[in-house]
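In the two complexes that follow, chain A is the common piece, with chain B as its partner first and chain C second.
Now for the complex of A and B:
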């Protein structure tokens, strides 16, 4: 057997390009379905881990998937907006702790997450440098974002306008970075965290401007009636919140009516969660409450169905590839007829000659399957980290 | 003829499944240690004769006794084992395996039949043979990087590696230039001389016949299988 393997190896080494193509084919047809399975399994585990850690989400009645993807992974466009009143509603219910989320604006491509300090505690996020935001205009950035932009406490980031043509809408706001989070290998690593009110300022619901009572603003004042001063657009509005101008920032209208994209509800108990869900079941209820894990499981079921189709397609390709490989082998036997005849003529035993030929197939298969096994091992070893680093965060 | 024959063929009849080729050999005797050249027109069955003696082909009738063993009575596995241990074959087209180095080609018989065991003395013998035929510096090369003469010398080493008692060479000089013809024959004759081995060579090259102890003109053995034209051949024609 040793001699047959040696001769087979010499043949494969001599025809190294043909061998490499065959081995690569075998590797791919074995690795693709197996590796895909491992990767999908790990992706599912990673996705569901964050969903499992988020008990309930409340948002406007629209796509639950959009709500979950936006609130957990900061992906997809902002869902239908709900109001801060829902936060008050949940808090007053006494059934759960509400953590508001307003994920709509961005710093370049990175999401600005308007929330409260409870979010850090809830997600068990720790600070690598600096501190949490304390006043308007301060922000905390995720680890990967800080690394990619090369920023840290003391630097600034500026929110991006939703549209370059949105002249009357959202103005860029320069925000001071006061803290950097430790890596969590979650979408939090690439986010900019600000206080909810800071997002509302970005949106224009709150603003700071020149003191209209000050002499420098006199040129812009149109009328003064008791405490009501009307000014024109020449009054300077601040696009950065500083220690000097922070007192000028104020909000118009009822806070309860201000928008948020969702709120995380952390029920005090299982029963509280069920009761809270019950309160959102009415047909005329404008809001919805969802269990993220349920939404993600539905999504994963769809993905797994698609995966099974993909695997089936790969298996068909695999059969075709194996058939082609078999054809290549049979054709090479024809080409090698003289070589085989020579071995027979000089006295090669039937078993030994067959063993050489079979060994060639076996070596190719073993190499292909071993490489596929190695790749699968690497996938299972590093796939999880890669998913967390490149997909989830 | 003595009783110590290397090859004894009696009452042999052979034909292939298709075609009109037929071979009848009432009797053929080759003594141990003889150097015999077989000549004859193309298609007269010279190569078939070598195949029958080596047990590569089996006759429909008659006996072939080689080196004291009735080859025609052996099954396929035993014929192969007998061949690899006792017969060295040299071909006109060299038949070296292109994916093997010269050394691996020489050692090939030891890798394709478990009756031979590849041990260090065999490897040493391969090197010694290569030295004798002048290809020792080419042992690591693939066959396609050798000249025609070097290829045949490497092929001769493969035929001699198991130290056979009988050498069957099928036009071994057919593809060689005059200098290499002489050199290859020298190697075969030297081996036969040293080991007391028998050499049976098919050749078309009548210039070489003077070097052989006996020449068999083979045209007498061939006849058409059609009708009753198959003639009874006389004893092998012997010419000097």
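Now for the complex of A and C:
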């Protein structure tokens, strides 16, 4: 047996190119479905980890998937807006702690996440440098964003208009970076975090301008009747919040009516969560409450259905590849007829010759499957990190 | 208190250390507060500090970082002090628009306690209300409410109740102690209310002048017949202000002007020449130099009573 293996090995080593092609083909054909399965499984786990860590989401009644993708991954367009009144409603219910989210505006392509300080505690985000935002106009940036833009505490970032054609739309607001988060390998790494009120200022719901009663603003005042002052567009509105002008910033209207895209509700107990969900079940209820994990599982079910088609296709290709490999072996037998005859003539039994030939096939198969196993092992070991680094964050 | 909050408290202590006149006078909770498990409480005015200390006793460490010589209503903390507020276990707000800086900073919403949130329907709208327009949104006004709610002992009691409830929620095991602290405070506020009611009865419908429009809740509770001017006790009024006063007393013949602080002699003398006496009723938004909230309020009641009798 040893001799048969030795001869088989020497043959394969001599025909190294043919051997390499066969081994590579078998490796790939074994690895592709198995590795894909592992990778999809890990991606699903990574995706659902953030959804699992987010107990409940409240938003306007629209696509639950859009609500979850926007609120958890800061992807997709802003969903239908709901109001800050929902935050008050959840807080006053005493059933859950609300964490508002307003994810609509961007700094270049990076999302601006308007929220409260509770978000950092909830996501267990820690500061690599600086501190949390303290006053309007301050922001905290994610680790990868800070690295890619080369910014840190003391620098500034500016919000982008929603559209290049939005000439009369939101004012760009220059925001001071006061903190950088440690890497979390989540979408938080690429986000700009500000106080919710700062986003309302970006939107124009709150603003700072000259004191219209002050003499400096006289040029911009059109009329002044008792307690009513009308100003024209020349009144200076501030596009950066500084120590000097922060006192002039104010909000118009009832804050409860101001928009948010969603709120994370962290129930005090399982029972509180169920009770809270029950309060959003009415037909005339304008808001919806979803369990993000349920929405993500629905999405993953769809992805897994597609994956099963892909795996089936790969298996068909695998059968074709194995058939080709078998053909290669059969053809090589025909080409090696004289070599086989020589082995018989010099005393080799037909069994020994068959053992050599079978050993060649087994060695190729073992090598191919072993390499595929190694690659699958590497995928399972480093796949999660790669997904977090290159896909999720 | 978490390690992060403890760190914030230490940062605040460093930032606020060595304060003098005109600088933040209070400091962050002492390191000992953490060891004995005391709640770290930050407040926005002195009455809330007093209520919190009376109700919480040894179980709380109350911090009020506004400088002593600044009106807390118009004071705004620097970012370091805001960071200290962020590290508190509870932040007691007066509500009714008091301390406008709260709207311009980031504070942990789950730890904010709006002590007047339970009686918003009793807020008194301000008469001075400038409406302005400067864009496509049309006219808007920065509508406000009178915010010295604690001058009404009834509302002050409701605020104290809110403080008690917040403490009990944060430390359920100490609820009985908080209730006991609240009950003694409530009794004192009831006594104050009785004193003020007696003074108000003596005053009756007699016209009063107030040097500053901060007494709305006092006037409302006791049905006083008061009108306000906008004078500062430490600044001499201008001639225009005197003329405004003369016009006012023409149809509101007040014999007493109620001041926030001790007025300067020249003003007192000129008022006396007009037949108007001066008395001090301190709103006590900042910590008094002597005594405490209750003693100042009782002194106010006594001043109101004795002067007018």
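Just so it is clear, the second predicted complex is superposed on the first by the 383 of 393 C-alpha atoms of A that agree within 3 Å, B and C clash if a C-alpha of one lies under 4 Å from a C-alpha of the other, contacts with A are read in each partner's own complex, and residues count from 1 in each chain.
Here is the rule we go by: a contact is a pair of C-beta atoms (placed from the backbone, for glycine too) under 8 Å apart; a residue touches a chain by one contact, two chains touch by 3 or more.
As the structure is a prediction and not an experimental result, all values here were calculated from the model.
K.L.:
Clash or fit: what happens to chain B and chain C when chain A is overlaid?
P.N.:
On the shared chain A, the partners fit.
K.L.:
After the superposition on A, what does A:197 contact: first (chain B), second (chain C), both or neither?
P.N.:
second
K.L.:
Identify the partner contact of A:343: answer first if only chain B is touched, second if only chain C is, both if each is, neither if none is.
P.N.:
Once the two structures are laid over each other on A, A:343 reaches chain B alone.
K.L.:
Examine A:45 and indicate which partner it touches, taking first as chain B and second as chain C; both and neither are also allowed.
P.N.:
A:45: touches no partner chain.
K.L.:
Examine A:10 and indicate which partner it touches, taking first as chain B and second as chain C; both and neither are also allowed.
P.N.:
first
K.L.:
With the two complexes overlaid on chain A, check the angle at chain A between chain B and chain C, Cα centres, nearest 10°.
P.N.:
In the superposed arrangement it comes to 160 degrees.
K.L.:
I'd like to know which partner A:358 touches here: chain B for first, chain C for second, both or neither.
P.N.:
In the superposition, A:358 touches no partner, neither chain B nor chain C.
K.L.:
With the two structures placed on a shared chain A, what shortest C-alpha distance in Å links chain B and chain C?
P.N.:
Between chain B and chain C, the shortest C-alpha distance works out to 71 Å.
K.L.:
On chain A, which stretch or stretches are contacted by chain B in one complex as well as by chain C in the other?
P.N.:
Shared contact residues on chain A (touching chain B in one complex, chain C in the other): none at all.
K.L.:
Which of the residues in chain B come into contact with chain A in the complex?
P.N.:
Touch residues, chain B against chain A: 54, 56, 76-77, 80-85, 87, 89, 91, 95, 97-100, 104, 108-115, 118, 142, 158-159.
K.L.:
Which residues of chain A touch chain C in their complex?
P.N.:
For chain A paired with chain C, touching residues are 87, 91, 97-98, 116-118, 131-136, 138, 178, 195, 197, 209, 212-213, 220, 227-233, 235, 246-247, 249-253.
K.L.:
Where on chain C does chain A make contact in their complex?
P.N.:
The touching residues are 76, 79, 82-83, 86, 100, 103-110, 128-135, 137, 139-142.
K.L.:
Mind pulling up the chain A residues that touch chain B in the complex?
P.N.:
These residues of chain A touch chain B: 3-4, 6-7, 10-11, 13-15, 338-339, 342-350, 352-353, 356.
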